[in-house]
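Sharing a structure with you now.
In order of appearance the chains are A, B, C and D, and numbering begins at 1 in each one.
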Amino acid sequence: MYHFRNDYSFGAHPRVLQALSATNLEGNPGYGEDSYSARARELIRAACGCPEAAVAFLVGGTQTNATACSFLLRPWESALCPVSGHLNGHESGAFEGTGHKILPVPADASGKISTRDLEPLVIQHRDPHLTRPGLVYLSDATENGGVYTKDELTALSDFCRANGLFLFVDGARLGCALTSPANDLALPDLARLCDAFSIGGTKNGALFGEALVFPRPALAEEFFRMQKRMGAVLAKGWLIGVQFEALFVDGLYFDLARHADEMARRLQDGLRSLGWTLWVDSPTNQVFVIVPNALLPRLDAVCTYEVWCPYDASRTVVRLVTCFQTSPADVDGLLTSLPLLPV
Amino acid sequence: MYHFRNDYSFGAHPRVLQALSATNLEGNPGYGEDSYSARARELIRAACGCPEAAVAFLVGGTQTNATACSFLLRPWESALCPVSGHLNGHESGAFEGTGHKILPVPADASGKISTRDLEPLVIQHRDPHLTRPGLVYLSDATENGGVYTKDELTALSDFCRANGLFLFVDGARLGCALTSPANDLALPDLARLCDAFSIGGTKNGALFGEALVFPRPALAEEFFRMQKRMGAVLAKGWLIGVQFEALFVDGLYFDLARHADEMARRLQDGLRSLGWTLWVDSPTNQVFVIVPNALLPRLDAVCTYEVWCPYDASRTVVRLVTCFQTSPADVDGLLTSLPLLPV
Amino acid sequence: MYHFRNDYSFGAHPRVLQALSATNLEGNPGYGEDSYSARARELIRAACGCPEAAVAFLVGGTQTNATACSFLLRPWESALCPVSGHLNGHESGAFEGTGHKILPVPADASGKISTRDLEPLVIQHRDPHLTRPGLVYLSDATENGGVYTKDELTALSDFCRANGLFLFVDGARLGCALTSPANDLALPDLARLCDAFSIGGTKNGALFGEALVFPRPALAEEFFRMQKRMGAVLAKGWLIGVQFEALFVDGLYFDLARHADEMARRLQDGLRSLGWTLWVDSPTNQVFVIVPNALLPRLDAVCTYEVWCPYDASRTVVRLVTCFQTSPADVDGLLTSLPLLPV
Amino acid sequence: MYHFRNDYSFGAHPRVLQALSATNLEGNPGYGEDSYSARARELIRAACGCPEAAVAFLVGGTQTNATACSFLLRPWESALCPVSGHLNGHESGAFEGTGHKILPVPADASGKISTRDLEPLVIQHRDPHLTRPGLVYLSDATENGGVYTKDELTALSDFCRANGLFLFVDGARLGCALTSPANDLALPDLARLCDAFSIGGTKNGALFGEALVFPRPALAEEFFRMQKRMGAVLAKGWLIGVQFEALFVDGLYFDLARHADEMARRLQDGLRSLGWTLWVDSPTNQVFVIVPNALLPRLDAVCTYEVWCPYDASRTVVRLVTCFQTSPADVDGLLTSLPLLPV
C-alpha cells in the first residue's frame, strides 16, 4: 500500500526526530523563550535576509491562518481570498469564527489570483456600508499545486500597498513552492513583498509547527498575546524551535521539499506515459489526475489518495501527494500497479 | 540549577518518546482517524468505566478549555469560574474571545469553590437582562494545588444538574489530583459527575496533548467540527494517540503523577523543616512557599521557580513545581542549598 | 425633486405617528413588557394563524438578521445565503461578526435560490472538515424585487427539513412581497414553512422596527437574552409595539405595501412606454432600470435614486424605490421629466 | 400610581416629539447623512468646545457601549470596568460577545473607581500571558447615582494616558451628572479628558438615541463601518439627529436633566424627613432607599420602582428614578402615601 493521501502521513524526518530526542530531558523554559527557538528564529531571519523580522512559532496551519489574519485586521475588515483558498474552503469557518468576512476572489485553474480579480472587489467595497477589505490571503503553493512567480507576487504586493491592504501568504507548502522548477521567488522576496507569511513545517519534515514571519517587526507588536488568546501557544514551545533549527541549519527544509517535488514530477510523467490525464500540471508536490470512476477500485487497492472533486459523470479528480518520505520506489511501484489507458 | 519552574520544562517521558520514535515513519491517517488514537480512546474509556464516552484529543490546555467550554454554551450563556481559575486568570481572554462572559466565583485559599459560592450568582442571574450561567468550570487539581473530594464534587454536580448547568473539569493536572493522598475520586467518578473533563498530558509525561472526555457521547455531537473551527485539530493526530496509549497502557500516567506528588510532599516537608512557611499546604505537585524578599537572590542562584504573587511588603509567594522528571536528588539538592530560617 | 432612493426616506405613516403621539407620556414598562407590545404580538400571531408563535421586536433589519441567524446556529454552523442576499452583501459583515461563515448560493436574476442550488453545497459540506450548513437565509421580497411562490417556498422548506437546516426568511420587505400580484403566499404559509421570519416595519410605514416571528415557540427559548446580548433590545420597547399595533390593527400594513407595489408597477409601465429598458421586471416596490450613462445627469436633476451596478460600459443599472408615501403624482411627475428613448 | 421605576418609562419630551412630527414626511437621506444629524453634530461639537470632534448617533446604551469599546480595542485587549459598571453587570455579556475580557475593578459605594484601584491590575497585566488592558470604562453618573469630580476624572485621564489606556465614559445619564450640584465637570472637560464618551438621549427626553463623541476624530476613522457591522446604524438616521437638535438647540437637554435631579433631591429629602434611610445619598436622578421588607407591599400599592439588591435579612434596597416627566406633585404624592418610620 503506497501512501499518497497527503503530506502529513509520516512523522518527522529522522534528523528532526533525532534533535527532539537529544534535547528531550534537558529542561527548557516554556512558551518559546528557549535558546532553540531563539536560534531557529535567527536561522529563519537569515534565510529571509531580514535580520529584524519577528518570527513566531505556532502548531498548525489553520491555527496560523486564523491567528495571523485576524491579528492583522480590525473588526470591520474582511479578507480577500481565492475561492479555492484554504482559509475559505478547508478550515471549517475558523477565520470567520474570529468575526471577519471573507470576500471570495475568482481564481484560475491553478488556484492563483491576480490584481485583475481583486480590483473590482476593492472598488465595490469603497462603499462604507460594506466591510473594508483589509488583507489579501493567498497560498504558495496553492491548494491546486500552483506557484506564484516573482512578477505575479510583485504585482499583487504593489496592488496591496496602493490599496491599504496587507498581503499574507499561507506557506503551509512554501518549501515545495520555493524549490519548484516553476518558481523564481526566494524567501527574501517574500520578506520584501509580504506583510506576513508562514513557513510550514507540518507538511515538510516536522512533527508539527509553522513559523510565522512578520518582516516588519512593528507590525507584530503584541502578537504573543494574540497567540495566547487564540490558544495557539505551545507550552513546551522549544519543541517547535528544535525542529525548525534542524530543518534550517543546513538547508534540510529545502532538500526535503525539492525531493517531494521531484517525486511528484516523476509521478506525473509516469501517469502521462500510462495515458492518464492530469487535471492540472502541478509544479509542486500535489498531483491531480482525472480517473475514470471504473478505475477507482484499482486505485483503492494500491494506494491511499484523496478524492478531490467530481470531474464529470464518469470521471473523478483524485489527488496524490508526495513528501519527504516518498521514495522513487514508491512512485514506480504505484505506476507499475496502474493500467495503461488509451489516450 | 534545579528545575522547579513548572511541570512543562521537560519533553516526554522516555517510554512516550520511544513510542513516538517507533511509529515515526509508519504512515498513518491524519486528524486522529488512526489506530493509535482509537486504542488510546479505548484505554481512556476503560479507565473511566464509561465505554460509550466520546474522547477527543487536543494539543494544549488553553485551547482545550476555550474549545470545550464554548462548545457547551449558547451565545447568551456565561461560565461560572473560580476567580483564580485558569480560564479566568491565565488564558489571555481566550474564552471571552469566543464571545462568552465569565462570572467570577469567590474561591477558598486552595482555589476551590462550593455550591454556597455559586448559589447567589445563579439566583441573581435569573434576571433575563443578564447572561444565563451555562456551565461551571473548575480545575482539579486547582491552580493553588487543591483537590476536590468526592463529596465536594458530588455536591457541585448535584447543584449543576438541579440548575441546568454543565459541569466542566479542567484536568490539566488531573493525574496529580487523582494520585494525591488528599483525593478520593477516581476517573469513573468524574465520568459520572461531570459533563466533560480533560485529562492533561502536557504536564504529565507527554510532549503535548490533552484528552477531552464527554461521558455522554450525545453531548459531543459535531465536536470535531468545533475543534476544527477553533484551529485545534492536529494534522498528524496520531501523535497524541500514540502518547496517550503509552501513558494509559499500564498505568504510566498515574505512576508519573504519583511520583510528582511525592516529590512535592518531600519538598514541602523539607521546606518546613528548614523553618520556611508554606502559603498553602498543597497535596499535589505545586508547592507554594512564602519567601522573604531578601532570600530571593539565594533562590535565583539554585533553581528556577515562578513568582506567584506578593505576600506582603517584605515577602513573596513563590511557586515550585515537581514533575515526572524531578528526582529525590533534585529535591534534596535544592533543600540543602537553602538556609535554615528562624521559625 | 422626487424621492425614489429607497423606502426609508420618510418617517412613519400618519396613523402610526398619531399612535406614538397619543401614548407618548402615558408611562409604560420598558423592554417590550408593555400592553401595546402584547397586543401587537397578538395581532401578528392572529395574522399568522399561529396563536402560539413567539414574536420579538427589534429595531432594524441588519440587527434582526444577525441576531436571529446567529441565535439559530451553533458555532461550527454556517448560513446558506444567496450571493445577492442582504446578509451576504449589504451588512458589512455583521453576521460573520457573530462568528459564522456564509456559504454563498448562486441566485437567479430575481435574486431567488432553489433547492437545485442548495443541494451540491449541502452534499459537499457533509465533510466534517467543513462547516455544517445550519440554516438557509432568503429574503422575500428579494434584494432584486423578486417574490417566492408557495411552490418554491414549500420546496425549500421541505429541503431544509430533510437536511436539518433551519429556514429563515428576511421579511424587511415582506409586505410588498405578500401584496404583490406575483405572490400566492400568506403569513400563515410563512408560519408553516419557516423556522423564523421577520416582518419589516422600517420600510413599510413605521419609524423603525422589525417583528421577528418564531412559529414554534420552543425554538425561541432564551431569545430575549440573545437580543440583549446583541444590544438589540430597545429600552422604550413599547414604541415598536405601538407602531405594529397601528400597522396590524386593520390591515394598514398590507394597504401601505400594496400601494407601494402599485406605484412601482405604474413606474415600470411608464418607463417601458418611454422606451426605457428594465433590468428585471419587478413585481414589488423596487424598480431596476438600465440607464444610458449620458442620461444619468437628467435623472439626478429630477429624483433621488441609487446606482445599483454597472450594466455595461455605457449603461448603468439604477434602482428606484416606491413606498407608502409615493403618490401617483410623484410617479407621473418623474415620468414626464424623462425623455423618450428609441427602443 | 406614580412612575419611579426608571428614566425610560415615558416617550419623548413634547418639544422633541414635536420636532419629529414636524419633519415626519419631509423625505430625508438615510443613515445619518441628513441635515438634522449634521446640525445636531454641530451643536454637540459646540457644546463640547471641540469643533473637530467626530459624533456618531446610535440607538441604545448597551449597543453604544459594546460598539464603542470593541471599536477601541484589539482582540487581545481587555476593558477595566467597575464591578458595578453597566458594561460588566447589566448588558448580558454584550461586550464579551465582541470577544473581549472585562477586568472588574473594585468600586466605592457610589460606584466610582480611582487610579488606586486600577494600578495593581495594570501592573499585574504587564505579564504577556494575560490580556493587555486597553481601556478604562466608567459611567457618569454611575449606576449608583455617583458623579465624578473634575479632579477625579483628571487623575483617571492622566493615569490612562500614562499607561496607554483609552478612557471611555458611558454617559447614558450624563445630563443628570453634569447638572448635579455635586458636579464640577462640563462637556469641554469630558472632551479634553476622554477618548470617547456618550451623551445619552434615551434617559433624558428622547424616544431613543445616544450621541457618541470622539474628541479626536482620527480615532473615529472607519467607525461607521464598525457601527454597521454591529447592526447599530438606524436606517432613518435623521430621527436621532432631529431629536438631538431639539435637545441641544437651547439647552433643553440640561434643563430636563436638572429637573430630574431636583425631583430626586426633593424625594430624598422627603424620605429622610419620614425617617427612611437612604442606601447612598445620590446627587443625581436615581434614589436608593433601604426599605423594611414588611413595607414593600405599601410601596407596590403606590408606585413603580425597582428592587436593587437585598440589604439584609429584613430589608431591601429599592431604586426610585426621576426623569423629565416627574413632577413635584408626583414626588409629594408618593411621599404622602408613605408612612413615617421611627428613626
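In this text, a contact is a pair of C-beta atoms (placed from the backbone, for glycine too) under 8 Å apart; a residue touches a chain by one contact, two chains touch by 3 or more.
Chain-to-protein mapping (UniProt): A, B, C, D = Aminotransferase class I/II-fold pyridoxal phosphate-dependent enzyme.
If you're wondering where the values come from, they're calculated on a predicted model, not measured in any experiment.
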{"item": "Set of chains adjacent to chain C and to chain D", "value": "A, B"}
{"item": "Farthest chain (mean CA position) relative to chain C", "value": "B"}
{"item": "Whole-Å gap separating chain B and chain C, where each centre is the average of the chain's CA atoms", "value": "50"}
{"item": "Euclidean distance of C-alpha centroids - chain A vs chain B, Å", "value": "34"}
{"item": "Between chain A and chain D, centroid-to-centroid distance (C-alpha), Å", "value": "50"}
{"item": "CA centroid of chain A to CA centroid of chain C, Å", "value": "42"}
{"item": "Residues of chain B whose C-beta touches two or more other chains", "value": "75-76, 92-93, 97-99, 129-131, 225, 228-229"}
{"item": "Partner chain B, residues of chain A touching it in the complex", "value": "3, 5-6, 8-12, 14, 17, 20-21, 23-30, 59-67, 91-94, 97, 202-203, 207-208, 225, 228-236, 239, 304, 325"}
{"item": "Touching residues (chain side chain D, partner chain A) in the complex", "value": "31, 70-71, 74-76, 98-99, 128-132, 222, 224-226, 228-229"}
{"item": "Sites on chain B touched by chain D in the complex", "value": "75-76, 78, 89-90, 92-93, 96-102, 104, 129-131"}
